[in-house]
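Once you scroll down, you'll see the structures, which are given as structure tokens.
After this come two complexes, each holding subunit A, first together with subunit B and then together with subunit C.
Let's turn to the complex of A and B:
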């Protein structure tokens, strides 16, 4: 029984306070948690001196020694109602990192689709979990992924059997309700060969407090399987949100991500997509809409490891107030990954003169017969566009709002869940409407 | 190997060596102080590890920091050591002929000390000062003192600090107010003595309304052991001034197995100090085992313009990590970046650039385009652009593509009776056209040939 002794970094030590390894009944799980704990102990909190964290200063986070929730709150069904997506046939709700079955719903799933808590899933689908859990989200160099893995107690398991289709979207809802609490949400999504799934992963809050979410999501997509993944981050404005999402694509797999970032004081989303099989296809859409003093950082990696891969990425940021948006997107093409076709766009709109953006699109190409391109723009609304709308009788303010809304709508319209599109359009409209 | 007796300092670096260099050059006290300060700062610094290049650790104590050909007073080109002239002949640089034909003044740097300077007279008539930096220190100490180290401070980075401590020669160029330099200024740098690190220092100042075009070209003979080259180039443009700096770099890149070759760790930076000033960098990088250089523009003056045009070609085991930095500080500043990278063989070619728009840079505008071409399956091409925008009235655009030479393009040309080798050369030249157009004519011709030569045999 090894308790934590001496994490090298004092803040990590405070986060790991009380975290023990060795209690797991399953040896493989115990080993993985112990390895993660060891790494978490060895790693330090990243600073702006680390290249990957150059623009994101997380010092405000390190001022509070967040601890996992002790008392389990019981929010009422009414509190949760506004987060419910009507299309979703099944919903798992987690409160402060703990599974809340009373707030979850299951309208009956077809044979071959499993949506359950990890703890319950271990009994029935142990081998699937063993094959994938902590195998895709690498924690060797990532202190937050290591922390999440070391703190792993429960989470969500979504499994779709070979050639099965999940008819309705699956909703995973992570709610925070307490101040100074750290939650370590964990999702494991496995789509076996030929399966199809639409997933909505949402992070939200019932309170306006400072809390910390350190999430890890792993998505494994089998040969020819298809996963549409909507990720909605609307944490409280004072919260901290650091998330890692690792996606593994097999041969001819298809993955579409729609990541919307609205909340948190400081947020970070690390999305890595690895093409481990030929002919895999990925589409990554992202929208960051922030204002005030928010900081939102998105890091993506598209790793084309095999030939004939295809990827399309569109990341947009709308930055108002004195907010700061960061985007770093890497497209890597491994030696031998011929005929890769990859395109990436980073579009940034600055609404105020205190807002700022750091964007870093990167290409790392080691194969010659490829087509790769990236583009980045930063600017404000086009004067000509504004003029055109004004010539049609719109006030300048209204024209501005309309154009800003349209800028964000391009990403939102791609979301495969109609009620969510509607809801988000309203949010964007509300956020971008300055007084008319 | 050329056999000119060189007066060399012992290997290694310490304060005594710096004092020796300073004494040899009869330098004033303030310059020695600057060198020592830079050296002491350098001692506290660590070698940068972030570039995307790999090389064995450099032993800075195993470098000769000073070597000079025996001093001779030369009145004309005829008196130049025939041995030296023959070396130039071998390099295919008939300097005197070239100078006469092209009307180019050549300040010959042969192992760190200026041996002959031509056309000085003609330049002096309009008040242009073009001489070696040692002469400038002696003859125009106030000018040198006023500007040296203002664009690249002695502690700027590891190699700039090293250069500031031990620089031995380089060029100095001063264009007074309102003068348009009547000819293109050119320096041929060459590295000669085995393992003598070259630490040139170039300082170009264009006063109000002045303009100048400066050419830098480089070749080096074949040596097996790696040579370190850490130059610093500083440009200062005052109000309405215009500086155009062009480079063709073809230093020894090592053999096909990647043994030998020059390490080119250069700091080049231009300061658009005055309003409406303009600095333009054009480079064709084909040589060196490792190229690590980011010619940059600091756009301080309102309405100032920075430009960067680059072709970087790597073959065999060459590594290049190059790009530019455009720092927009003044209002309505504009910058343009066109970078073309070509990788062949087992080489690795990276573009690394920064576009930074400061909070006060109202109406700033940037356009960047970085295209890469890969020839063969074992090479790599990377793009790392950093874009930092702190002003919402700025407009920044960046685009990058990676491609290869199309089969259909080759087929089309083959069908027209053009052989594969020549077709590739034509396509490459087309790919680089936007950059070659910026080069002065002689350089453009040379660069076109150079690329063809460098890629010989790399396309089957």
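Let's turn to the complex of A and C:
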């Protein structure tokens, strides 16, 4: 019963070309993929007339007929070495969306921590996967999440059992190597009650060309569990990257996100954090550093569904050249989610006259005893700061670079992986010095 | 310590300067020789901070007339960083905070930039660490100040110590210290002025910009200039500062320096 369904939207149809919904041995997985395929067929590519996409024109994406990735010789270990995080005891590498076991590493995980491909995990942890996969990242109204789910074949599974701690960070590395292909990375991360995990999810490229990454990550955090999630997007400058990350927090769960956006011609990151239990806490830090003609859009949703939730959000954009950054941050407080304490800050630095930023806080509050603070600033480097550094002998350009670096450092320094902090500081410094 | 044969470091003639189109400095003359300590005093709004910033090259201060030479070079032809590299130092009244940049990295960058421009050796992080710790003893600063962001969360006194630490590292020929005494308690004032005194040699000079005579008990000036309305209206020795302390500035108003 392999079928190719004629989509209403021709571009989606081309991406779904060859997508089959019949080979699953597990009926629940087949059903979810079929439902996603149906939605992908029904939904159109969003345009700037859609409220959630009004600042982000993805027409350039639809001009490229991306093909599904095919199996090609994988890069060598030397090519991958520069992406390896020394602190991470375990690493899964995916090449063009497909699991590459020979580029992965497992330095011996303790009992109760599983890091494996989804396909392998189905055999051993099927019930965990069934409970969470495609349950948190909603695809009913999101064509790219629907596409990813319809195309779902493999991905990463990270599972930490109740009250277990994963002793070292887990790295999930998604590398692109082929031109004009579409890849559909998928991650499922489950921290059971009382578990602790630090996760590094990274998207990078070994080639400089146009490809399309359509990624979906789901993170489920149980009662009192803690997940620190570093997300690093450094795709090729001509690539397209559209990603959904859905996080579900149970009672007293704790989630910290550090999302760094550096790459891609056009990128979109949708991060939704839903608090389904009392007393959950979320910290969302974001840094976008772009230049040239890049467009980077971050949409976040903090959904306080239960009382006593706490959230802190700091999103920073450094925009140079003729680049365009978008930040839309929604804070929703449900009726009855009393004593919610939420603060959001959007701070933006424009490095050139042609740089552009759209920042849009949205508050939807349906409870009366809550604290919700938000603020947004857009500015340039201040003359007083520049003068201070110049009066110490630094050239104006050097002073600008140092202050730009400092602006980003506030977010980078919060990343709980020291080697990554160092690496990113160097990247930001190099990026800001390229004009020197 | 004044010597008639000492080398002229700074010579300002007829300096006029505007801020946002408003004339603040209305004709300033000043000569500073090596080995001298000058104090520029005056009430708020008299133009003393403007004078300091105009000399250091602040972009908001537009020089409309007059000249200023520093060791024979016209400083108005030089960018702020060139003046700093040439040996002109401004200690800020309100040092700026730079969260995200460690004080150690900032100090080393400034030090190496100035050293490089002067054709001297730069120091790597380890060498610099030894060097800066030695200088910090001069100001009774704890080594933890190196790890913190530049001036971020520093108290008023800590910021001023950090300014004098920068002076100690950059070894200027002429240091202009703008209200370095403001916000200092008596202990901090003693430490900061002790640091400045130990940096003074017969080859360099200091201009203290201050509202109060108090600082001059610790750093003894050779000359005291009183500013009013954008001009120096009176110049005298140390005793002038004492007289100002006793009588205030009002008795000088309307007088013009001979």
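Following the convention adopted for this analysis, the second predicted complex is superposed on the first by the 432 of 436 C-alpha atoms of A that agree within 3 Å, B and C clash if a C-alpha of one lies under 4 Å from a C-alpha of the other, contacts with A are read in each partner's own complex, and residues count from 1 in each chain.
Assume a residue touches a chain if its C-beta (ideal position, glycine included) is under 8 Å from a C-beta of that chain, and two chains touch if they have at least 3 such contacts.
Please read these numbers as outputs of a predicted model, since none were measured by experiment.
Overlay on subunit A: subunit B and subunit C fit together in the combined arrangement. Contacts of A:356 after superposition on the shared chain: subunit B is touched, whereas subunit C is not. By the touch criterion defined above, A:383 lies against subunit C but remains apart from subunit B after alignment on the C-alpha atoms of chain A. Comparing subunit C and subunit B on the residues of subunit A they touch gives the larger count to B.
In the superposition on chain A, contact of A:108 is made with neither subunit B nor subunit C. Of the two partner chains, subunit B is the only one touched by A:369; subunit C is not. When both complexes are overlaid on chain A, the residue A:348 reaches subunit B alone and has no touch with subunit C. Superposition on the common chain places the nearest Cα atoms of subunit B and subunit C 14 Å from each other. Common to the subunit B and subunit C interfaces on subunit A is no residue.
Partner subunit A is touched in their complex by these residues of subunit B: 50, 357, 359, 372, 374-404. If you check the complex, the residues on subunit A that touch subunit C are 383-385, 387-396, 398-399, 402-403, 405-410, 413.
By the touch rule above, subunit C contacts subunit A in their complex via residues 56-60, 79-81, 83-85, 89-90, 92, 95-96, 98-101, 106, 109-110, 113-114, 117, 149, 166, 170. Of all the residues in subunit A, the ones that touch subunit B in their complex are 51, 55, 335-336, 338, 348, 350-353, 355-380.
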